[in-house]
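Can you read through this structure? Questions will come right after.
We call the chains A, B, C and D, going by the order they appear; numbering starts again at 1 in every chain.
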Amino acid sequence: MTLERPFLKSAIAKCFLRPTVITRPPPMNFSSDNVTPICPEILAAIAAESDSAALPYGADDKSQQLDAAFSELFGTEVCVVPVATGTAANLVGLSGLVSPFGGIVCHHHAHINMTESTGVAFYGGGAKLLGIDGPSAKIEAGILDTYLGKHVSNGMHSVDPECVAITQTTEFGTVYGVDEVQAIGKVCRKHGMRLFMDGARFANAVATLGCHPADITWKAGVDVLSFGATKNGALAVDAIILFDPKLRRHTEKSRKRGGHLFSKHRYLAAQLLAYLQDDLWLRNARHANDAAKALQHSLESLGAEAAFTPQGNELFIRMNDKLAQRLRDAGLVFRPWASIGPDAYRFVCAWNSPIDVISALPHTVG
Amino acid sequence: MTLERPFLKSAIAKCFLRPTVITRPPPMNFSSDNVTPICPEILAAIAAESDSAALPYGADDKSQQLDAAFSELFGTEVCVVPVATGTAANLVGLSGLVSPFGGIVCHHHAHINMTESTGVAFYGGGAKLLGIDGPSAKIEAGILDTYLGKHVSNGMHSVDPECVAITQTTEFGTVYGVDEVQAIGKVCRKHGMRLFMDGARFANAVATLGCHPADITWKAGVDVLSFGATKNGALAVDAIILFDPKLRRHTEKSRKRGGHLFSKHRYLAAQLLAYLQDDLWLRNARHANDAAKALQHSLESLGAEAAFTPQGNELFIRMNDKLAQRLRDAGLVFRPWASIGPDAYRFVCAWNSPIDVISALPHTVG
Amino acid sequence: MTLERPFLKSAIAKCFLRPTVITRPPPMNFSSDNVTPICPEILAAIAAESDSAALPYGADDKSQQLDAAFSELFGTEVCVVPVATGTAANLVGLSGLVSPFGGIVCHHHAHINMTESTGVAFYGGGAKLLGIDGPSAKIEAGILDTYLGKHVSNGMHSVDPECVAITQTTEFGTVYGVDEVQAIGKVCRKHGMRLFMDGARFANAVATLGCHPADITWKAGVDVLSFGATKNGALAVDAIILFDPKLRRHTEKSRKRGGHLFSKHRYLAAQLLAYLQDDLWLRNARHANDAAKALQHSLESLGAEAAFTPQGNELFIRMNDKLAQRLRDAGLVFRPWASIGPDAYRFVCAWNSPIDVISALPHTVG
Amino acid sequence: MTLERPFLKSAIAKCFLRPTVITRPPPMNFSSDNVTPICPEILAAIAAESDSAALPYGADDKSQQLDAAFSELFGTEVCVVPVATGTAANLVGLSGLVSPFGGIVCHHHAHINMTESTGVAFYGGGAKLLGIDGPSAKIEAGILDTYLGKHVSNGMHSVDPECVAITQTTEFGTVYGVDEVQAIGKVCRKHGMRLFMDGARFANAVATLGCHPADITWKAGVDVLSFGATKNGALAVDAIILFDPKLRRHTEKSRKRGGHLFSKHRYLAAQLLAYLQDDLWLRNARHANDAAKALQHSLESLGAEAAFTPQGNELFIRMNDKLAQRLRDAGLVFRPWASIGPDAYRFVCAWNSPIDVISALPHTVG
């Protein structure tokens, strides 16, 4: 990169080299994983990408490497369609799996059902969300099988399910085991359903399970995955992974039409390639998961109770107002989580959560 | 930012501090302004923003400053709704100005009419583009007045215009003068039309006109402006500027529903604030404009002919195949531009175009 | 009407004058009220309307009388927007009451939720159905109040209810009493909701309640009613009744855009005016209700059990296979109704159900 | 039909049997063919259909005969999807031929482009109308070939044509000859386009050409035809004729979702079967065409000038204000037609236009 403005040299250097560990308090904001900054490797990749010109709209070198990189990661040929937000990845990713007359079965608490406005119907040309229940925000294969089996199509009149969507890791921080995803995939095949996986926190699930990414995706019957990176160290990118190459054309058109095609596409690619490099995605996720477990122990010894055993990077805690206030006074930031209970709170750890400080909480919290 | 991975320190420093002027050829890729890297000031802002946690979805400090910053820039109270792409800024920005039964009058060559798929109808709930002609991709107030005056509404049956959209700087690199925008605004008011301005290259127009941004926007009757930054040094951000605060609610809902609300919203805000800081937006644009003029002179002395006098950073050139090949052999990259003619080409300059090298072309091109 | 083809004279006369009571078996098809023919008064009106030319698209004399006729019926100023189907009346009628980002609260079993494909989202630009439970397909005001009170808006992220839709008479043939509609209207006002009434069988409810139509509509807070006639003697017409005149423009545009504006609009108007004439609508409904009660008594003495006391023209019956077969052998046609139970069936009576034959069933069924 | 209200007997008989030729002035309303009443044969069919119960939603006997009846008419296997309006036939018929990202090429003056609100984009999920020019509202195969050949797809960015739509008889009353339709069909196949025919006045074209219906539809490459009956003697019905059976499912779902599926479907079927019976459709159309020619001769001898030679039932006339007033004073009703010129008017004849009275106009007009 031509530094045509040399006076910036020292300013930029300062940003990267200052010893912040000493001068700044550790990040104790557990309100979400999207409050985190970009992790250094990805920031470096963005900076490195700013060295020269590059073709736009995905024609640049980095973007051209995506299919191969993810194909290698998943052990099968995939198409990658990157977008900047998780919501876009879900909406655009789902749009190729359902007709304007069809339904998408999901858990009541699914992000696509609760927190994406009317986006699914918007991108789906009218497609309807059919919410079902399940413990800990997970869809159980048996319940799904019953639900799909009981549905009687009323020809043109009814909205018939065409697709099932599950979130891995779920909105309650729980993880589908390999066998659980396989069971759901089997039920989908039995009933002729497509299968979509909202993987905003996919990395955390793989880190927990220690499985191959293929085991909980295409090998289990997943057709499309939104492979999240924004919550796990990136600036803003989520990759739609198409396990069925026939979906590429429609997905790319849907992306463009929705306004999600980046002209400086290389910056999405650079983030993703750095994310995959040397398993950064897994390292970041493992760290976040470990931090959640450490936080669980610390909070439990302070008198709190975990609503679910954290399987990913999210921790749902029950505690009384007093303890909540003590934690806040100690500088922790976290949100109440009413959908679990009036005394429930959510803590989300991330790639930069300070495990040592977290472990020391029982001693430091007043 | 806590550098928890100190081994990166030197790698990152290298990216920013290496003397690239000596070791790398200057950027001669004029195929578009979206091939450019991020300019240093904005890259620095992104890096600086990576220092700590921040609230998501626009609740962070930087995002909270946007309304004030842009209100000051425009000299009136505005609402800012940032998105990551120019297409999203147009589609979401327009969606609040037209009903699902209405029409948007634009130039045939408008980006929204030629290069945004069916996005306008998508976000507009069916709204229809009504393309009209005009010289050099500009809508003439008189022609617009006639067009709107001649339109006879057929009640529920017809698609009646509700909004007019103009591009500043136009798709042919021409600029509407202050009086021209005022004239269009006047016609819009006369016929009860809303007025939208696609400002992907708004900066270049202001740089050319030397006017106050207000003069060619709200003071002239513009209701919504997409204030582009991506083509002018940013990574990826365009700000929808609402001059009518009543549009905020609908625009924010449309943005979210379209999947364009960034969780790490601070990164959009950081780019925008750096973009406004010390008039960086204007300096970048002026440089690009100057480079375009320098390029025009160089190419003309080599035997080419400008189709239009460049008023912004785009140059449309007519030349024979021989000269085109000589330029390519000299390392210039540029696109043919069939909509102007079979022997026409487009050259787009940007914030980092090397004016000295450009000026030397008559001597360096073989 | 000019009979330019006199050879048809006798053929047509035959259709109307033949003594069918003697030569044809009485109608025992209780599968739905939409299996019925047009009642004579309305058929006569259609024939009478075929006398001369008339302006199209609602400009004819008959259509011009609609607003006044319905305003008189409801005792307040209303706008009438006729369409040909009940589904169209619901979809177009609802489209003005909800934004593309909002939700419509309805009962799980509502026709708009179960039997109108993805039409609500289609016409509503994405609007989402939010189904709740209630006994006998009725929404209880208390449950609705709790549901609306518990909903926490998540700003741009969530789908917030904007409208409540109830069906009168419900899909299970039950009727909301005047006080019940009032209670729902009150809850809607409390929470700022619009209120829509699917009145495919509105006539049957009024016949049962013996109230003034205003009592269970605008006086109770209903904003829009689909006033059904197709199931109660018409050929095909349902009138969207707008109690808020400000909705006219949008509703008419939505109707036209959906393809529901009849050019020979007079035929919709003729049906509706005949339907209101001398309270034909109430007489037909009363007859259908009486037939349902007669059928209930007959079936109960044959050993069946009513799932609900019929309050309108629909009867939901529980009986064993043997009785069901005996009824079929006797010429009755009716449908199983799985949503109530495996041994449940629905019988729908109409304006032409032969009460004497129905009452004689205990003697005639083998 | 059981006449349970015998007092109506005489009233109904009167409607059909009174000698109106003597007592009522002949219809001289030429403002449109949709001002006409139902022709007797179809009214009789509606009445005859009101004899007994019948299954709904197309399961009745009459509806079950439609495919066979139209297959015989067209000489090939077709699927019939009836709806009540021409607009619905166009919108639902087109919806299966274009993707949400594609374009439909049509003439600028096409009804779908001028008079169907934003319906095409609505039912087409965003699909865009691409209007082109041609003499007398006809698309010329050569111009179409050039237009499609010149279009350069810009991948995901552009709206690429996917379908061509022509109107037969056109909006200017002109008719495509068999060879002309064949030529357009050939161009469509060459460029991979689907071909839709808006046949609101299809009957008039066949009557003029004296060809087999197959010659100007499927044999020439038409994929879907909206076979109009409303303007030619029916109450309200247009049949979507699918020449590609694979389109059935989508078209039926689109119809239902749009609210266009009649529950008393038999009444649509009864109209259509009567319309085909003994070539009623052709007789009505021939009469209308003949009346138009008679009217042309009469008006020309009164000093008017035909803008186009009438090829169907529509006549576009140029005349001065004086003659226009004389005609109005004589009881003729007709509309100015600005799209042709300031002194232009449209006269539309129909199945019941009094040719004798029309021929006598030169003597009767003051």
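Please note the rule applied: a residue touches a chain if its C-beta (ideal position, glycine included) is under 8 Å from a C-beta of that chain, and two chains touch if they have at least 3 such contacts.
Everything numeric in this text was worked out from a predicted model, so none of it was measured.
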Tell me which of C-D and A-C has more C-beta pairs in contact.
-> C-D
Determine, using the mean of C-alpha atoms as each chain's centre, which chain is farthest from subunit A.
-> D
Expressed in whole Å, how far the mean CA point of subunit A lies from that of subunit D is 53
Rounded to the nearest Å, the gap separating the Cα centres of subunit C and subunit D is 31
Taking each chain's mean CA coordinate, subunit A and subunit C are separated, in whole Å, by 46
Sites on subunit B at which at least two other chains make contact = 100-101, 116-119, 122, 126, 156-157, 253, 256-257, 261
Provide the residue numbers of subunit B that touch subunit D in the complex, in ascending order.
-> 100-102, 114-119, 121-122, 126-129, 152, 154, 156-159, 338
For the subunit B and subunit A complex, residues of the former touching the latter = 1-5, 8-9, 11-13, 15-17, 20-21, 24, 26-27, 29, 31-32, 34-38, 40-41, 43-44, 46-56, 83-88, 90-92, 116-119, 122-123, 230-231, 235-236, 253, 256-264, 267, 333, 352
Subunit C - residues contacting subunit B, complex | 99-101, 125-126, 156-157, 252-257, 261
